[in-house]
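Sharing a structure with you now.
A, B, C and D label the chains in the order they appear, each numbered from 1.
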Amino acid sequence: MAELTYRDAVTRGIAQEMKRDPDVVFLGEDIAAAGGVFKTTVGLLEEFGPLRVRDTPISEQAILGAAMGAAMTGLKPIAEIMFSDFIAVCFNYLANEFSKHRYISNGQTKCPLVVRTANGGGARFGAQHSQSVENWCMMIPGLKVVAPSSPTDVVGLLAASVRDPDPVIFLEHKSLYPIKGEVPDGEIVDTIGTAKILRSGRDATITALALMVPRALEAAEKLKEEHGIDCEVIDVRSLVPLDTQTILGSVGRTHRLFTVEENPRLCGWGAEIVSIVADEAFYDLDGPPVRITTPHLPLPASDVLEDATIPSVDRIVDRVKRSLNA
Amino acid sequence: MARKPARAPNDDIGEETRLKMYRTQVVIREAEQRAFDLFLQNLVKGTSHLSLGQEAVAAGFATAMNPGDLSFCTYRGHAHTLARGVSIEKVLGELMQRDNGLMRGKGGSMHLTSEEHGVMGSYAIIGAHLPIACGAAWRAQYKGQKDVSVCFFGDGTTNIGAFHEALNFAVIWKLPVVFVCENNLYMEYTPIEDVTAVQHPAADRAGAYGLEAVIVDGQDADEVYRAAQAAYAKARAGGGPSLIECKTYRYSGHSRADPAKYRKPGELDKWKERDPIKIYRERLLQFGIEQETIDKIDTEVRQVVDDATEKCKAAPQPPFELITRDVYADGGWAWRN
Amino acid sequence: MAELTYRDAVTRGIAQEMKRDPDVVFLGEDIAAAGGVFKTTVGLLEEFGPLRVRDTPISEQAILGAAMGAAMTGLKPIAEIMFSDFIAVCFNYLANEFSKHRYISNGQTKCPLVVRTANGGGARFGAQHSQSVENWCMMIPGLKVVAPSSPTDVVGLLAASVRDPDPVIFLEHKSLYPIKGEVPDGEIVDTIGTAKILRSGRDATITALALMVPRALEAAEKLKEEHGIDCEVIDVRSLVPLDTQTILGSVGRTHRLFTVEENPRLCGWGAEIVSIVADEAFYDLDGPPVRITTPHLPLPASDVLEDATIPSVDRIVDRVKRSLNA
Amino acid sequence: MARKPARAPNDDIGEETRLKMYRTQVVIREAEQRAFDLFLQNLVKGTSHLSLGQEAVAAGFATAMNPGDLSFCTYRGHAHTLARGVSIEKVLGELMQRDNGLMRGKGGSMHLTSEEHGVMGSYAIIGAHLPIACGAAWRAQYKGQKDVSVCFFGDGTTNIGAFHEALNFAVIWKLPVVFVCENNLYMEYTPIEDVTAVQHPAADRAGAYGLEAVIVDGQDADEVYRAAQAAYAKARAGGGPSLIECKTYRYSGHSRADPAKYRKPGELDKWKERDPIKIYRERLLQFGIEQETIDKIDTEVRQVVDDATEKCKAAPQPPFELITRDVYADGGWAWRN
């Protein structure tokens, strides 16, 4: 066991997999010599050399296209897209290319690659560097989508993503990079497609992802202490595949559902979960399923405005409390 | 009758290769012509983009390849797929969206893929496959493998962003990739000269990546073959990428729906005078190959196309179970438990 | 009144607006001299001249970027993206640029433009030319998203989109281009953000969009005739703004909700509607809200496979019947 | 003391313009330096990209503009925004995300926009604004208006697809747009030469669009000014776009987080010898302008920066009601009824 930041867990996860498998290669902007703009890849160039850890030009389409071609022909590339907002400039590769080629080719081809990217708000970077784009990824058939909330999950889920035979979008939350956690020694490999119940509770189920997980947990504590409301908190961890069994099972016990989403509201992942629960567990529900999301607008840069926009502990507490007391 | 010398003096290509290149061109011509007939009969579904008139490019580049070299094609990829040896039946079957098709009807005419032949896919979003070909070449470089990745695209593709990113990327990483621009003068219906800042859409951009400007007569398979050989040799020797612009012309419309009214008067006829198959028949004769040998190839190919057509017509539709297959590597489509 | 195809209605809508306002300009690939690959723009070059109707290179980023710059400075551009799948190569303009600039600039700038594009399946074009991408657009704050199902709506909603001061994504359905309908003479201007109840019914509400609208209507007829189930069919028409009042009002009467979506399932627009209804009309619902969608996979090219993938009249009938009889 | 002649023989620029250009450079230098100090005090929030060392480019291009000409900037846009006359207070206020900021803190340092000054936005997705500038220029062309759209970007931006699409587009439509590449040798932390196939990332690409290769000494505002004048005149005369590469260097890190350890030893010092403000002070003296006049400008600017700083420190946070404002043209954010 060692205490590790979420940031260093990224480095450790990549290093673990690169040590294991010489076919794992890594490319992106400023990731090699500079160690990444978020310092998540410091030392990898030194450890694995310039043939495996490669700086690229500002050419996101080339980065993801190259990752795809390499993956199709035998490598296991990890590609970094510096900020998740920039997925918009190479979206074709997610939407039309590596997500679909296995299907198009009737199973002849494969694309085992990982796209790592810094997702989410809280850094006061404004509308083009702060977005939560988990729904951009989840809505594309053929992708897997993972978003860890703790250092241990970073290592384990990153390892699982690299070993996965399908393309995985790995969303790191930039506001979580400095958080610390105890991480077991030795190799860690987790399982994609499994949610985790981080707190048991009887009154309501709260599903959350990434930065929203610690907030949901803190809200659950407050709800318990201050209002006697006992919430179960699920860290969804993986949007695709989605662990609906854990969610449905929880709602079957608590009879109420809340989703805490950082993506702006419309067509967010919470809508998908609500639509599944509303269909399949309708008669389990004792009240309306409620989504707590970033409102449907671009993110303001200002710290006070940004903090008031992304779901906060207080907003979660307030919404759950009002809803359960209604 | 005495056999004429198989190799004319100073000839670098040789009879066997020439016959292969000729047969490849005839295969493409006959199969594409048949595809056209079949969609007039409403047996080809969806869309279809023929390479009639452009056969020499596909034949020259494919013939110069080694087994294991990789082709990356566009929606206009039937020619390049056939040129790598994929069966006519499988190609026509895919165009007809039958169960005997190359991808059992799941991909359709724009996405022909045959991994075992090195056809790593046909891509229908303009420009997307140039970076992908870079990636395959990167793998070869990284693993010390000697295959070359060859990426085919049209003149219109030189104006999309991915073209630029791929070319720069390939050069700085010195990747064994060959970019082949088939300049057939039009994007879909718009003349390339109306929308391009330079006269030679690929060659005039080569300098922007520190590459040599190479223009090839795309109607002459020998010229194409020589250019391909040189580029492949350079790539295999670690010399990095090449960008080759082949001047050619398509006889049919852009796709099945297109009557090609935008052609300049006389343009089609002028190009047909330099028909690649006509040129190549003359070339074969000139190098001492018998008319009979040529005719025999023509007859054989026509027979194969006829047989394939019958098989495709008789082939069943793909079964419904294919719909949910092969989204993920486990063979299924489950996005949830 | 004249009978018009949906295809010709597009031409008429564009022409109506170009005649009205000299600041309306139109650009795209093969739209001028050739009249468009779907023949939706035949004659516009002749009528409005080469300065207002302009062929472009295959440069989707330049097309949308240029439309944005022109819109910001005083024109009202209509930009065609040939197939909606190609939005993936210029997604940055939808996701980060014209959707956000008014907000970023604190209201200083404007982007009154329309992106027209051929959306949807049924033409056996395969995975990269058949997608329904309404959710790609709906999920972006700052955009408006419209998708007409009839020739009259094409003219009226296109006119409204061109006159709208915000960026509008106008999704034409390529399988609807040949359909015909009576279209009133003279100028037609509709209102964005209004759904239409096309059929009243008491037993269930079916919300549908574009190609799914005629299918939902046909299904409703069958359900009535064959099973005595009386469905209300709502043509959503506009995903943003969303006419939730009409939908909630209908569910308040019928107590059951079905969405018929052509987009693949995850994070589809139906999920959003279900999540709104489940939250705000939970106690109105007599049974689970059900989504009928294209399954979450790329589209197969084959005609028989494609037909079995996109929601059909029979699938709608079957799903509604089973659900109401449950 | 007798005044020296205001214009040296053969001088084309003149005193008034020179003083304006000098003041602009000092404004940028002082405001950026203050921004740096303020974020050391944790008063600048988010990120910040300074142009210290690159002042002459902004000053030269802005000074040569007419009112009504349009600037399109990047996240490194403070300099270009200030150069168009936007107040230092508004710029610093935005960096500090206060209510007195240019966009009241909603946009932040990367998105400075002042429509009334012709600053049509600062764009933080690399390359995205090149096509947007084309669109503004298209409007001018279509409406017969005589303004020029000027688009600033870095060396690293020349390797992204949008660059290529915009350049080709601007040329074929002959748009009145000027593309200005500020080549400061680095993208974020990676030397541009490591990731670019040619030596001059912009100029060596000009030929790919049929444009002249133009390289300018970006440390000398006069040189920049002359290049700008020529390009604007060409654009206004219907001669179409220009692409200008300015050789320059940034003294600070890429952004607030960057200590710039990647610099080659001695590189920064070498460039500081050719500091644009130093060069320009000498130039002014050489053209007969008094030291006093220069010093007065320096003092005045410092005073303005000090005053602005105090105002910003005292300014309130933006009110919460801004959050839901101006998503749509009706002033609100309603996506539903």
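The rule we apply is simple: a contact is a pair of C-beta atoms (placed from the backbone, for glycine too) under 8 Å apart; a residue touches a chain by one contact, two chains touch by 3 or more.
All figures in this text were calculated on a predicted structure; none of them were measured in a lab.
A.B. asks: Would you identify the chain whose Cα-based centre sits farthest away from the centre of chain A?
C.D. replies: The most remote chain is B.
A.B. asks: Between B-C and A-B, which chain pair shares more contacting C-beta pairs?
C.D. replies: Pair with the higher count of C-beta contacts: A-B.
A.B. asks: Using the average of all C-alpha atoms in each chain as its centre, how far is it in Å between chain A and chain D?
C.D. replies: 36
A.B. asks: Could you tell me the distance, in whole angstrom, between the mean C-alpha positions of chain B and chain D?
C.D. replies: Here chain B and chain D have centroids separated by 47 Å.
A.B. asks: Round to the nearest whole Å and give the separation of the Cα centres of chain A and chain B.
C.D. replies: 40
A.B. asks: Could you pull out the residues of chain D that touch at least 2 other chains?
C.D. replies: 104, 106-107, 111, 123, 125, 128, 159-162, 165, 168, 172, 194-196, 322, 327, 333, 335
A.B. asks: List, in ascending order, every residue of chain A touching at least 2 other chains.
C.D. replies: Answer for chain A, listing residues that touch two or more other chains: 56-57, 59-61, 85, 88-89, 92, 96, 103-104, 126-128, 141-142, 240, 266, 296-298, 300.
A.B. asks: Along chain B, where are the residues that touch chain C in the complex?
C.D. replies: Of all residues in chain B, those touching chain C are 45-47, 97, 104-111, 123-128, 156-157, 159-162, 187-190, 194-196, 257, 262, 317-318, 320, 322-324, 327, 333, 335.
A.B. asks: Tell me, which parts of chain C touch chain A in their complex?
C.D. replies: Of all residues in chain C, those touching chain A are 85, 88-89, 91-92, 94-96, 99-100, 103-104, 126-128, 135-136, 138-139, 141-142, 240, 263-272, 274-275, 278-280, 282-283, 285, 287-291, 296-298, 300.
A.B. asks: Which of the residues in chain A come into contact with chain D in the complex?
C.D. replies: 29-30, 33-34, 37, 55-61, 85-86, 88-89, 123-129, 266, 295-298, 300-305, 308-309
A.B. asks: Give every residue of chain B touching chain A within the complex, in rising order.
C.D. replies: Contact set of chain B toward chain A: 70, 72, 102-104, 106-107, 111, 113-115, 120-121, 123, 125, 128-140, 142-143, 149, 161-162, 165-166, 168-169, 172-173, 322, 325-331, 333-337.
A.B. asks: Please output the residues of chain C touching chain D within their complex, sorted ascending.
C.D. replies: So the residues of chain C in touch with chain D come to 25, 51-52, 54, 56-57, 59-75, 77, 92-93, 96-97, 101-110, 112, 141-142, 144, 164-166, 193, 240-245, 276.
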